[in-house]
Every structure is written in C-alpha cells, then in structure tokens.
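Here come two complexes built around chain A, the first alongside chain B, the second alongside chain C.
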Partner chain A sequence: MSTAAGGPATGGLPPNTIIAIGVIGGLAGIYLTMLNQTFNTTIFSVMGGIGSIFAVVWGADAVRRVCSYGLGTGVPSIGMVALGMGVVAAIFGLIIPETGILPIPAILGPVISFIVAALVGLIIGLLSNKVLNMNIPIMEKSMIEIAGAGCLVMMGLSASIAGSFAFNDAILPSVVSTGYIAIVFIGGAMTILHPFNANLGPDETQFRTLYVAIEKAALTMVIAGFASLTAIDAVSAALTVLVGLAIFLVYFDKFMKSVHREAYKVVGTGLLPSAEELE
Partner chain B sequence: MIIDPITIALITLGGALIGLGVHFIPVGGAPAAMAQATGVGTGTVQLAAGAGLTGLISAGYMYNFLATSGSFTTSDLILVLASGAVGAMIMITVTMFIGQLVYVYCVGVPPVSAKVDKDPITGDIQDIYVSQGTEGHGVPTVSFVSGTIGGLFGGVGGSLVYVQLMEIGNTPADPAVVALAGIFATGVFYVNAVLASYNIGGTIEGFHDPKFKRVPKAIISCLIASLICAIIAVPIMGGVS
Partner chain C sequence: MIDPITGLGLVALMGALATIAGAAEDLESDVGSQSNPNSQVQLAAQMDFPHRIFNKAISGEPPAYGLWCAAGATVASVLLAQNMSVIFAIAIGSFVGAILLGLYSVTAHMGRTTSQKRFKQPIYMDMVIGHLPPIMGHGYIAVFCIVSFSYIMDHMLGHPFPLPLLAFLWGITAGAIGSSTGDVHYGAEREFQNQPFGSGLNAAQSGNIVRKAESGLRNGMDNVWACAKFGGPVTGLALGFTVFFDNWRSTVFSGMNAVIAGLIIVLILILANRLVEVQARKAYGPYKDEEGGTEA
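Coming up: the complex of A and B.
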C-alpha cells in the first residue's frame, strides 16, 4: 500500500535532467563495453555496471514520480513490471540484428531494445489508464520511462557480466545459459522499486531516494562482478566488484548523513532490557 | 522464419489466464498483514508471482521429463499444464493455510469475510464476526477455494506460455533455450500479474468480492499486453535455435 497517495512529487532535480542522465549515461555505459573488443581486453566490463547505475537513478526517479499518486497495489509491482517489460525488449533488441531477419547492424542492438521497451511501456501505460481507469495523469510517460530504464539496467548488468552486449557470442553463453539472468532480473527490479519503497512518506526527498538508488545499484553491480568471475577473467571481475563497493560505501554514507540531517531526532535505544532489569 | 499464429495465440491465451487467475487470489495487502482485512497479508504481485513461478518450475520439470524422452504430443501438453497447475495450487494453498494458522492461533481472529453476509460455500454467517473498523480477517472458506482456483488458472497460464516458447526453441535439453524460455515466461507473468493487480487496485477477497466484476477489463488488457509480448518473444526463441 502506498501511503504517499495524493499528488505529484516535488522538489530536487527536474525530471528532464534525470531522463537525460539516465538515457545518455545508461547507453554510454553499455556502448563503452565495446572498448573491450577494440583493445582486446575485458577490463572495460565495469562500464556496463556504471551505465546501469545511471539507468537505475532514472528508473527510481520515474517510480518516485508515478508512485507519488498512489497505485493502490504497492510500489514493488511497478518495479517488477519494469523488468518484465525490460527483459523482453532487451533480448529482442539485442538478438534481432544477429538473426539477420532485418538488415540492421549489430551495433544498434541496445538502441533498438530501448525503443522497443519504450513502445511496450507506452502500450502498458495506455492500457492502465484507458482500459483499467487508473487515472494517473503521468502514467503513460512514466511507464515509457520505467520500461526504458528497466531495459537499460538489464543490458548494462548483462554487458558487465559478459564483457560485451553481443547476444549470441557473449550474453547467451555467459548470462542466459548460466542462469545469471535471474539475478539480473530480480536485482534490477529491486534497484528500481526499492529506493522509493524504502523512503516513501510525507518527508520523502528526491536526493535521499536517489542516494538509495545509487547505493542499491552499486550493490547489484558487485553481485554482477561476482557473476562475471565465471564469464570473464578475475581481474575484470575484481575491478567491477571493487568499483561497485566503492560507490556503495560513498553513497551509503551520503544516505545515512541525509537521514540524520532530515530526521527530527536520531537516538540510540540500546539493547532490549534483560529480565532482571525489568523487575 | 515464419511466425506461427497458433503459438502467438496460445501465448496470448496463457497471459489472459494469468490475469484471470490473479483475480481469484485473496489478497489483503498491508491491512491484512495487521489482520484488518480478509486475505493473505501481501501484495497481489508477490502472491501471484510466488504461485506462478512455482507452477513454472513444476511445469518445467514435467516438460523436461516428457520432451527429452521423445516427441511432444498434445496429451503431453495437457500433462505439463496439469503439472504447472498443481504446483501453483500447492504453493498458494500452503501460503493461505500457514497464514491462516498465524491469523487464528497467533493473532487470534476468526477467519471472516466482510464482503458477504453468508459464506457462499458453507453458508456460515459472516457479518457478526467482523471486528468493528476492520474489513474482515484471515482466509474464510470461500476465499480459500477461490485462491486455489486462482492458482489453477495462474499455473496453467504460466505453463502454457513456457511450453509454447520451449516448442519454438525445439531443443528441450539446451540450457540456453530453457533459461530464455523461463525468463520470458517470468517476464510475461509479471506484466500480466501487475496489470491484473492494477485492475483490482489493492485488495480482493476472491470471486465473491464485488471487485471481481472488473475481470473483463483485465482480460482485455492482458490479451493486448500478452499479444505484444508474444509477437516480440516468438522471433527471439526462433532466433536462438
């Protein structure tokens, strides 16, 4: 149950800035993993994870904006639908150039995935508002954003595990066949749904929510790093894990500081009293 | 490669069955977690996904058992669907039963529906047992039966999507095809479960709840959404094999 029902979210960075950060940062991260092929290494796999962090920030902000209206079903539902749409669209976009059905160069794969995710999101948003009468003014726009962000998170984490976004050569054997795609699915959904779910309420602020988003995305990146131990070499995997841990520590600290600053008062309650002390 | 219309139609049907099944499951949400509403105390998506994914696992086991041993016939398909349905039904009934034990013996409330005066199945009087200011407690008989039916539809729908995707891949022993079909079925399952839960808008007690009359809208939405997912999924599965 969303307790923050009522009106549009306010304050902080404007939505268009976040959208730009998410789209450009997410796609750039995915495309920068191509440096692996250019320099014949796997060290740039970490860029996929960093790209996924940008996409998570966007997705979490979109969830924050739409869930401020109150969905009636709880915030987690929208995160799961984001990755549900995102995973279908991401795999479609990455595989379609490689099947040779349409004459598209493989390099456009992530962009096609992103566009397909946006289209699926638009249709789900239209169905929610027009057929199911949810009457949330920004539902269509938010569903496009959430599906797009989910798709980018999915591709970013997969590219970070496999070291490349080429589907048949890298992602299929390293991410899909190994079953890591389930981790990417649930981990990606958690990063998008959890920040607002953890922070919602009348005193929710955008920066605190987004600190949680970055911190959760960094943790998921650490998990992706461990997964990539079996897919690519140990040095690149260790780099992903270490960069993820560093980002996590920095933003967890920022989150804790903002909690202490914005709370009325932070007091330690101590341990539960023992039986003798109660007498 | 030809996109098979029957496969797409069956995946779409599977998605619509998932959307229908969600409406049968007694979901109480946060109020039920405090024993202030009828149903299991969690969200629609979590309950439906828990049951649906268990159904997928049991269907996947049966499919693997039947398809790797030879050709896959229509009677095999029915066996797989039944296996998926039973898996989902066991999961949802166990959840409801253990939840019921907690409500009755730990919280101390009688299982009662606030939406009907008499239980449509047992005929027991309901309204006098509803505590003031609440919307029922626990899982009354009618909600339990309804939830089991929900598990049946959800399990059949999820297994139908999975089996159709596996049939396009046509290599049941290939882990890549299994993983891809599994994750796609999960994706389709979540999209339909969430659309259905948006239609319910929070809590529902089962088929006797007035909100159940909204089902046609959810079916239309799930048909459209699953059709799109199917059109996207079919060429992918064809592309892997």
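Coming up: the complex of A and C.
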C-alpha cells in the first residue's frame, strides 16, 4: 500500500544529524551503565534505557525514510528480519570477547555487536534489492541503519534490565534465561516500526513521527525497568520506571498537541463532512 | 511428570482458554480495523469517503499481539518472582498489556487521521473515547487467556521455555491466526456489504466502504457486532484447535511418535481443506456474467 507517494522523505532534521544522535546517544547510554561497576551500585541502569530511546529515534527515522518510497506498511515485515538479526548480533558481539577465542577486551562488546548488526543489515538490504528486486534506492543504507539501531536498542534495554552489558554475568541470567529477551526484542522492534506506520499518510511530519517514537520507547523502558526488579535492586528499578514514565508523559503531550495543531479538525463529535466541504 | 489424565485435562483447559483468546483477539482487531481491513479504511478518506471508523494501524496483528502478550507475561513473571498469587499476577500483567494496547491505538488512530489532513478527515474525539474501552477490554481477555495457557504450559506441563518467551510466541500465533482467519469476515464482507455477495473487490470500488449503519453512521462497534457472529468464533476455534492438537499429541505420545502424530494431524487437515474447497467450487462454481455464461 502506498499512501505516502514514492520519493524521498522531506522536512525536519537531516538524516545525518539523526544518525549521529542515535549512534552516539545509544552507545553512550550503554557504556554509561558501566558506572554501576565503578561506583558499585545499580542506579545507573537507567542510562541503558535512555540510550535505547536515542537509538529508537534513529531507527524510526530510518524506517520513515525507506517507507516513503511507497513501501508503506510492507517495511515492518522486512524490518522485523533486520531487528531479529539485530538481537542475534547483539548477543554475538557481547559474547565474543568473553569466550576468549579472539583477544578482544570485553569493553568493546557493544561496538562489535553494532558493527556485526550493520553488516547483517547490509546483507539483508542487498538481498531485498538484488534478489527480491525491490529496487528502492536507499534500501541497503536503511537496512544497515534499522539493524544497527535495533541492535543498540536491544543492548540498551538489556543493560537497563541487567545493570550491565557483561553477557555471561549479567545479561544471560537476568535477560535471556528469564525470558525478558522476548519483551526486549518485540518492545524494541515495535517502537522502531510503529511510529511511521502510526503516522502514515501524505501529511505526515517528521516531528510527530519522532514524538511517537520517543513516547513508545519510554513505555518500553518502563516495562524494562519493571522487569529489572528481579535482577537489580528496587530503587534502581523504580528510577528506570519513573524516568520512563516522565519521558512518556512529556512526549505523549507533545504528540497530542501536534495532532490538535495539524489535523484537519478535532471535534468532540459530529456528522461526516458535507459534499460542499469536501470540494 | 504429571499423570496422563491430569495432563489431558490441562490440555483441554488450554484449548478452551485459546478458543476464548482467539475470539477476543479477532474481535479486538475488528473494533479498530487493524490488519487487512485497515487498508480500505485508510483508503476511504483518500477517495473522498470520510468515515467514522477507527483506524488502528499499530502494525500487523502478529507483532502487536507478540508485544501485548510479552509485556503481560513479563509483568506477570516479575510479580510471580515476588511471590504473588498466580491469578493476580496474570491479571495485573494482562492489565498492563491492555493499557499498552490502548496507548498504541490512540497514537495509531490519531496519527493516521492527522496525516490525512488534505482529505478533510476530521478526528472525532467521542470515537476515540468510545472505542478504546472495547479495544482494551477484548485485548485484556485475549492477553489474559494467552498468558494463562502459556503459564500452564510452562509451569505444569514442563515446557523448557520461560513464560515471557512462550507468551510472546503464542501471541504471535494468535495474531497470525486472527489476521488470516477472522479478517476475511470483516474486510471482504462487512466493509463491502453494499456490493453483490461474492463479486470480489473491483479496483474502482477501492475505499468505497460501507459508512452508514442501520441507524446513524457506522463505526467499529457496528463492525464488531457483525464479526462476533462468525469471524470471531471461527478464529477462536482455529486457535483453540491449534493449541489443543499441538499439546494433545505431545501429551499422549512421546518422542518420534509425537512427531508422527503431528504429521498425521497435518495430513488430515490438508485433506479436509481440499474437501471443503472442492465442495465450495461445486456449490458456487465459477463467476457468472449477467446472461448466465461463465467468466474466467
């Protein structure tokens, strides 16, 4: 279905700015959870959740750019593949330094995950364009971005649940074995794929789409914070939940204001527009 | 390991829960026109047919139900780990899932309608407020039942997967079955009731969905009323059978025998499908033009 006409998405922040925000914000959030080990606390787990919000903004914007080539709601399906690979890449990258097969310091784990995700995204993009003949100009680039952003979201949320991105000591027991990896995966995927789908149409604007992205990422952060009750202490979990709720409320309000400002009209109730009105 | 009679009882209970879940899942998607019927609701305004039908374009049903069920099961398993009683834990978890569903519905409907500004489709706030309770209510029932039978599978039948992962997988299954089984009844029939039955959808009729009800303007509530007669229950049966047969074969048989039993069930279903298809072709035949001759 192609309700957004075929052509590059326009308006708002340029793609490169958003990519920078996503990569730097996402990785910074993940790495800031290391303050937990430095200060022997778990209070900094909240940073993982905040990092995931930055990555979601990037991912949602990448979906927006590729979808405006007329793929419409078809992209969530391909995006799911990219995000599935994102979670595999995340686990692969975090586990590689810990196996000791390659002499890589554990601190590089998230960066390796990110690079592997980007490579897998490239392969998926090439397959879509060259083998499935979708012929969308920015497909490869977008798939790299969606997989990369997805990988950062998964790592950010996992780190905020487990309190650390160390795989064997933290993420395996508190995220994978408990099954919370399910909400990390689908929560991260839906926050990236839903915003553009929810705003699809010729009068879509970048800011409204990104408000939805931030507000939904904050909701996922709230659930991740609640899940972290079983892994880290209650105060740190409560902090993640409260910060998530605050971000959600602020950006849900921004979304609503933007709807009231930009819609044709918002009415309490009423009949359908008359034939004269439609002309 | 539990004794076989108790096991079969649990499997029957799971089948019953899945039947309710499937029906509620399909009806929930019909209130808001999610999934396949949504494309025509979206198109209607753009073809100069403004309407009062909820446009709940969250995503496809499978990932959406994966999310509600995974969220519900995550909250439930955190509460279970804090020693809360099972029923309360699942009830609170499902409530969180239903709230998520409500919030996603609001952004989907309002976002999409706003993006149709140039087609002069207004946002009716009474519709948003009126449709959310049935959406969240049906969603709650579906999530509660799915998380419940996942819990039985996990804690009583000894499935190796943890609860959130099982609920996630069954949520995706429920969404997929709801999308493929129930939507036909809403999308092809209810939305195009003004077309002759079985005429197919002519491209010229795209977006020309039924917008007026028996009295007043048609909305999601009128649609779910129609779908509750057939589409919803059939979806329930489909999910119920899926859950029941899958668990029945692994409870009654073990090892390779369970695999063979599964293959036999699939074979029987393929044959049954074929019989229904042949019978339908015999009864209704190829499309006829007005003089009674056949068309390709």
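Assume the second predicted complex is superposed on the first by the 261 of 279 C-alpha atoms of A that agree within 3 Å, B and C clash if a C-alpha of one lies under 4 Å from a C-alpha of the other, contacts with A are read in each partner's own complex, and residues count from 1 in each chain.
Note that a residue touches a chain if its C-beta (ideal position, glycine included) is under 8 Å from a C-beta of that chain, and two chains touch if they have at least 3 such contacts.
The structure displayed is predicted, hence computed values, not measured ones.
Engineer: Mind checking the superposed model to see whether chain B and chain C fit together on chain A or clash?
Structural biologist: The answer is clash.
Engineer: After superposition on the shared chain, which partner residues are touched by A:120: those of chain B (first), chain C (second), both, or neither?
Structural biologist: A:120: touches chain B, not chain C.
Engineer: Check whether A:216 is in contact with chain B, with chain C, with both or with neither, and answer first, second, both or neither.
Structural biologist: second
Engineer: Between chain C and chain B, which one touches more residues of chain A when both complexes sit on the common chain A?
Structural biologist: C
Engineer: Applying the touch criterion given at the start, work out whether A:179 contacts chain B, chain C, both or neither, answering first, second, both or neither.
Structural biologist: In the superposed model, A:179 contacts both chain B and chain C.
Engineer: Looking at A:229, would you say it contacts chain B, chain C, both, or neither? Reply first, second, both or neither.
Structural biologist: second
Engineer: Figure out whether A:193 sits in contact with chain B (first) or chain C (second), or with both, or with neither.
Structural biologist: In the superposition, A:193 touches chain C alone.
Engineer: Applying the touch criterion given at the start, work out whether A:77 contacts chain B, chain C, both or neither, answering first, second, both or neither.
Structural biologist: both
Engineer: Between chain B and chain C, whom does A:85 touch in the aligned arrangement: first, second, both, or neither?
Structural biologist: After superposing on A, A:85 lies in contact with chain B but is clear of chain C.
Engineer: If you stack the two complexes on chain A, which partner ends up touching A:69: first (chain B), second (chain C), both, or neither?
Structural biologist: After superposing on A, A:69 lies clear of both chain B and chain C.
Engineer: Just one of 9-17, 27-35, 153-161 or 189-197 in chain B runs into chain C once the structures are overlaid; which is it?
Structural biologist: That would be 27-35, the one stretch with clashes.
Engineer: Both chain B and chain C touch chain A; at which residues?
Structural biologist: Of chain A, residues 1, 73, 76-77, 80, 177-179, 181-182, 185 contact chain B in one complex and chain C in the other.
Engineer: Which residues, counting only chain A, touch chain B once they are in their complex?
Structural biologist: Result: residues 1, 71-74, 76-78, 80-81, 83-85, 87-89, 91-92, 95-96, 98-99, 101, 116, 120, 123-124, 127-128, 131-134, 172-173, 176-179, 181-182, 185 of chain A touch chain B.
Engineer: Touching chain A in the complex: which residues of chain B?
Structural biologist: Chain B residues touching chain A: 1, 29-31, 43-46, 49, 175-176, 179-180, 182-184, 186-191, 193-195, 197-202, 217-218, 220-221, 224-225, 228-229, 232-233, 235-236, 238-240.
Engineer: Where on chain A is chain C touching in the complex?
Structural biologist: The contact residues of chain A facing chain C are 1, 3, 73, 76-77, 80, 177-183, 185-187, 189-190, 193-195, 197-204, 208-209, 212, 215-216, 219, 223, 226-227, 229-230, 252, 255-256, 258-259, 262-273, 277-278.
Engineer: Looking at the complex, which residues from chain C come into contact with chain A?
Structural biologist: So the residues of chain C in touch with chain A come to 39, 42-43, 46, 48, 50-52, 57-60, 63-64, 66-67, 70-71, 73-75, 77-78, 81-82, 96, 100, 103-104, 107-108, 110-127, 161-168, 211, 217.
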